[in-house]
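Multiple structures are listed underneath, in structure tokens.
Same chain, two partners: chain A is paired with chain B first, then with chain C.
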Partner chain A sequence: MNQLRIIQLEKKFEDRKKDENPVFSLKPVHLTIKEGEFFSLLGPSGCGKTTLLKLLAGLEQADQGEIWIGETEITNVPPESRNFAMVFQQPLLFPHMNIEDNIAFGLKMKKVKRAERIERAREMLGHVGLKGYGQRFPDELSGGQQQRAALARALVSDPRVLLMDEPFSALDPSLREEMRILLSRIHQEFGTTVVFVTHDREEAFHLSDRIGVMSDGNLLQVAGAKELYEKPASIQVASFLGLKNILKGSAGKFGMENRSQQVELADSRKSSMTHLIIHPEKLQLSTDLEKQSTAEEIIFEGIVKQLRFNHGFYLCTVQTENTLLECSISSRQAETVSIGQKVKLSAQLKGLHFVSR
Partner chain B sequence: MKRQRLLANTFLFIFLLMFIVLPFVPLVLSSFSYNWKWPNVLPEIFSLSAWKYVLFDNSGTWQAIGTSLLIAFIVTAINIILAVPAANALVRYPLKGRWLFEAIIFAPIVIPAFVAVLGIHLTFLRFGLTETIFGVVLAHLSPTLPYVVRAAMTSYNTLSIDWEDQARMLGAGPLSRFYHVVLPHLLPGIAAGASLSILISLSQYLITFIIGSGQVMTLPILLFPFISGGDPAIASAYSLVFAGMAVAALLILDLALKRYYKKKQAAASKGVRE
Partner chain C sequence: MLRKIKPYLLLFPAAATIVLLFFGGLFDGFLKSLGYFPAIGETGFSLKAYSSLFHSDAFWDSLIVTIRIAAISSVLSAFLGAIVAVVVFMMHEKSRSGALNLWNRLFQLPLTIPHLVGGYVIVLLFMQSGFLSKILAKVGVIEQIPDFPVLVNDSFGWGIILAYTWKEAPFVALMVYPVLERIHRKWRDVSRVYGAGNWDFIREIVVPAILPAWTVAAFIVFVFTFSAFEVPYLLGVTYPSMLPVYSYQLYSSGTLADRPEALAVNLILALLTVLLGLIAYYFSKRWNVLKGWE
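And then the complex of A and B:
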């Protein structure tokens, strides 16, 4: 198994003027990435995800910790000998070489014969949808095409791990979508292990098998997209993922002042959990004002403040006693409610997720 | 629009004519004259004797041209070898007291070269470097190096470290990285710096005179006595030879550069046939 193991990897950046406290530090990261996995590092800018990627690449030296690939330790192996590939935010195609030579560059460094180099480069061009572009020079290609060529260049020498540092963030949205689909397909075709850095939640969710959420140099949670969304481990993860309806609570009580609109936690988690997350799609909107909370269901009362159309469904914002709740409803249901109307929102207690700070 | 362009072109033409072509006219006339004196507007007697002396008599012109070019090209080669790593370090590394290093390297631009050369002369005397081409080459480095370093630094400034990182990730070691990625980027800058270095080295008089002690005969050494009181016709002929030599040196450099790019392009288009 050629899994990528990261053992307590750590890095501090000192401020050159003040030697005392580091400006930024990557807290010890412990992580195993499986062979063939598509792993994303997701986090706001400055959270350390690019630093972690550069440590993996070897472009930065770690202060502590080890990196293993399979049974080989590569912590001190220079980047040019790791047989990793990297796609940067900019395509970085060498301007004095044509596309074919650019793609074949890695093979040239491996001393592959020219005829074979060119053949493999051409084949790879086909894979990224740039057939026939080999003779052009980088400045004759559009931004998206350049990034495709960069991807082909990274893949052609059959790297053990493909590292990608926000590769699509400089492209416009429709191109980004296209590149995502292309990358997804290529990952399936080649089965390369990919470590992908991004600050774009949608991108990470779309592409990844697993996602590591980072913030302030900490790796907060590692999970699949679905689990991250449904069960974020902390309030930080939840807020970075942009989850709605996060209700603060105390002493095991969450929700409104009004007891009937309160969720109570009686078990051992009571003291550690501080927030309750109700996903918008778990809230049912109803105009039947007679509904009351039961043992399985909690009911919130409120007034419709806003209706917002969002990709085929509506997001309805409801002002309750002391907070705004969002719930998603179908277009057909949206026709039955109007702004200012009194409604009730119900949620199954089973589906609720509690988090600690 | 079109008229403005025409006007600008006309002005440019007149400007070039007045400041570059016109000064050559009396020079050419003088070189073909014999005993051309005030108040004659044009020489009364034309003669080929000055050119005959410069080109054919045993005046050492050809050897001086050879020595001048040899020194200029060696100086420039050493400059490039010194300047590229220096520029790399000055631009890339967070050096403490960086300004001091820069000040030392760029000092010869501000401080007249012969100030330093007087000191250097003593040292060179001790090491037996005076009266040798090698000594003159070393002395020529100080006024020329700043320009090459400056040019290389400008090139390095526009080369993001990402390019080299990208090459590293593709498996390129330090030498491959320099040859395939850094050098092509630096080349235009190096060419600019090298042209300056060649021109400055070719036109050195005082330094060559002091260090070479009259034994290293470059063209300016040969030319100077005629300007400061010898035969003006011969001085004019030498001046023209000097200008020709400088232009030729630059053309050679230009040609070499063009050949390099052509080779690159040929290598690139070779892929088509394969």
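And then the complex of A and C:
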């Protein structure tokens, strides 16, 4: 198995002018990426995801830790000998080479004969939808086409790992969507291990088998998109994922107190939990004010403050006694609700998610 | 109407001066090279001066020496300049320390020194009784000062070549360096990820990038050394001399009747320069060196 193993990898960047604390440090990262997996590093700008990617590429030297691919340690192997490929934020095609030569660059460095490398470059052009563009120069291609060419350049040399550093962030939204579909198809076709850096949640969720959420140089959580969404390990992760309805409470032996609301915890091990996350789609909106809570559910009472249309459903913001809650409702239900109306929101206890930090 | 021609009117004094002095001088030289020299009573036109030049061994020896010295100086300074520029660029890639800036300034130092002074520096350093021979004799590399090779006022022209290489290499570096600055910092990362070592990067990316500017710089150096006077006059020998010196010798030491020949040499120099320019332009177009960089 050619899995990529990252063992306690660390990197500190010192301020050259001062001998004080490091300007930025990537805290020890321990991670295994399976062969053929599409793994995304998700986090805000400056969280260390690109640093981690550069460490994997060999473009930065780690202070501590090891990188293994299969049974081979590559921590100190220079980037040119790793047989990795990388797609950057900008296409970074060489302007004096035509597209074919740009794509075949890696093969040329591997001393593949010209006829073979041109044939493979042409074949790859077909895969990325640029058939017939081989003789053009980069400045004769649009931004999206250039990024496709950059992707072809990365794939043509059959890399052990494909590293992608926010490759679609410079593209406009429609092109980005198109590129995601293309990348998804190509990943299925080639089965290459991909490490993809992005700050775009939607992009990560759309493409990845697993996602690693990073913040301030820490790898906070690694999980599949569904698990990350439903069970974020911390408030930081939940906040970055844009989760709504995060209620802060005080930890108690029997439950979480959100001032007026008592939420019973089914598991006493969760007694240290201090936050409760209720996903908007797990809240049921009811105009029946007589509705009473049961042992399996929690009920909030409040007033509708806002109704927003959002991709085929509505987001309804309800002001409860102490907090604002958001729930998603269907268009049909939205017709029965108006701003200022008193409503009740209920959620099944088993659908609630508690986090400690 | 006035508004339209105003820029031309404003430019006219400067343009007229340039045209009069440059093209006027050239035209006057051309007329005199054809034997039109009213000062000595010659008002007819003939190709006698050109014919006698082409039949003179001194002219051909001079032309060969000129081409050889100009070519060797251009090639040496072009390579040295390109190497300096690439080294500074690669050093810049790795660190941005103050020491690098110092090196950068040091490499540019010869640019600030006039050619004549540069020529004297070469004389003082490389003549047989010069600074270098004394040092080498002192440390025992050579037994005595006359053992030092003749590098100044030698018939091959090493002194001139040394002076121009030293003086023009920074010029080439200065022409090439801004082009290197256009190389995206991340291209090095890209090339490394795709398996390119330092040499591959220089060969595949840096050289194609600098080639247009480098050929232009080398051509300028060639043309300059081809038609320069003061350094060959100072560091060359009387025979065979470089063409500009030969022209001066004909003009100043001969009779008035030799002047058409002297001016014919200048005209040939100018024609050869234009011809070389056209050749350089043709090849730069043919090689498509600017494709993608524009």
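To be clear about the criterion, the second predicted complex is superposed on the first by the 342 of 357 C-alpha atoms of A that agree within 3 Å, B and C clash if a C-alpha of one lies under 4 Å from a C-alpha of the other, contacts with A are read in each partner's own complex, and residues count from 1 in each chain.
Please note the rule applied: a residue touches a chain if its C-beta (ideal position, glycine included) is under 8 Å from a C-beta of that chain, and two chains touch if they have at least 3 such contacts.
Worth saying up front: this structure is predicted, and the values here are computed from it rather than measured.
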item	value
Side-by-side fit of chain B and chain C on chain A, or clash	clash
Touched partner set for A:Asp139, first chain B, second chain C, both or neither	second
Touched partner set for A:Ala57, first chain B, second chain C, both or neither	both
Partner chain(s) touched by A:Phe94 [first = chain B, second = chain C, both, neither]	both
Contacts of A:Arg114 with chain B and chain C, given as first, second, both or neither	first
Partner chain in contact with A:Pro173 - chain B first, chain C second, else both or neither	neither
Chain B versus chain C as contact partner of A:Glu80, first or second or both or neither	both
Partner chain in contact with A:Ser157 - chain B first, chain C second, else both or neither	both
Partner chain(s) touched by A:Gly106 [first = chain B, second = chain C, both, neither]	both
Partner chain(s) touched by A:Gly312 [first = chain B, second = chain C, both, neither]	neither
Shared contact residues on chain A - chain B and chain C	57, 59, 78-81, 83-86, 88, 90, 92, 94, 96-97, 105-106, 109-110, 153, 157, 163
Of chain A, residues touching chain B in the complex	16, 57, 59, 78-81, 83-86, 88, 90, 92, 94, 96-98, 100-101, 105-106, 109-110, 114-115, 118, 134-135, 153-154, 157, 163
Residues of chain B touching chain A in the complex	94, 162-163, 165-173, 176, 180-181, 184, 264, 268-269, 271-272, 274
Residues of chain A that touch chain C when the two form their complex	57-59, 78-86, 88, 90, 92, 94-97, 105-106, 108-110, 137-139, 153, 157, 163
Residue ranges of chain C touching chain A (in the complex, touch as defined)	184, 186-187, 189-197, 200, 204-205, 208-209, 291-293
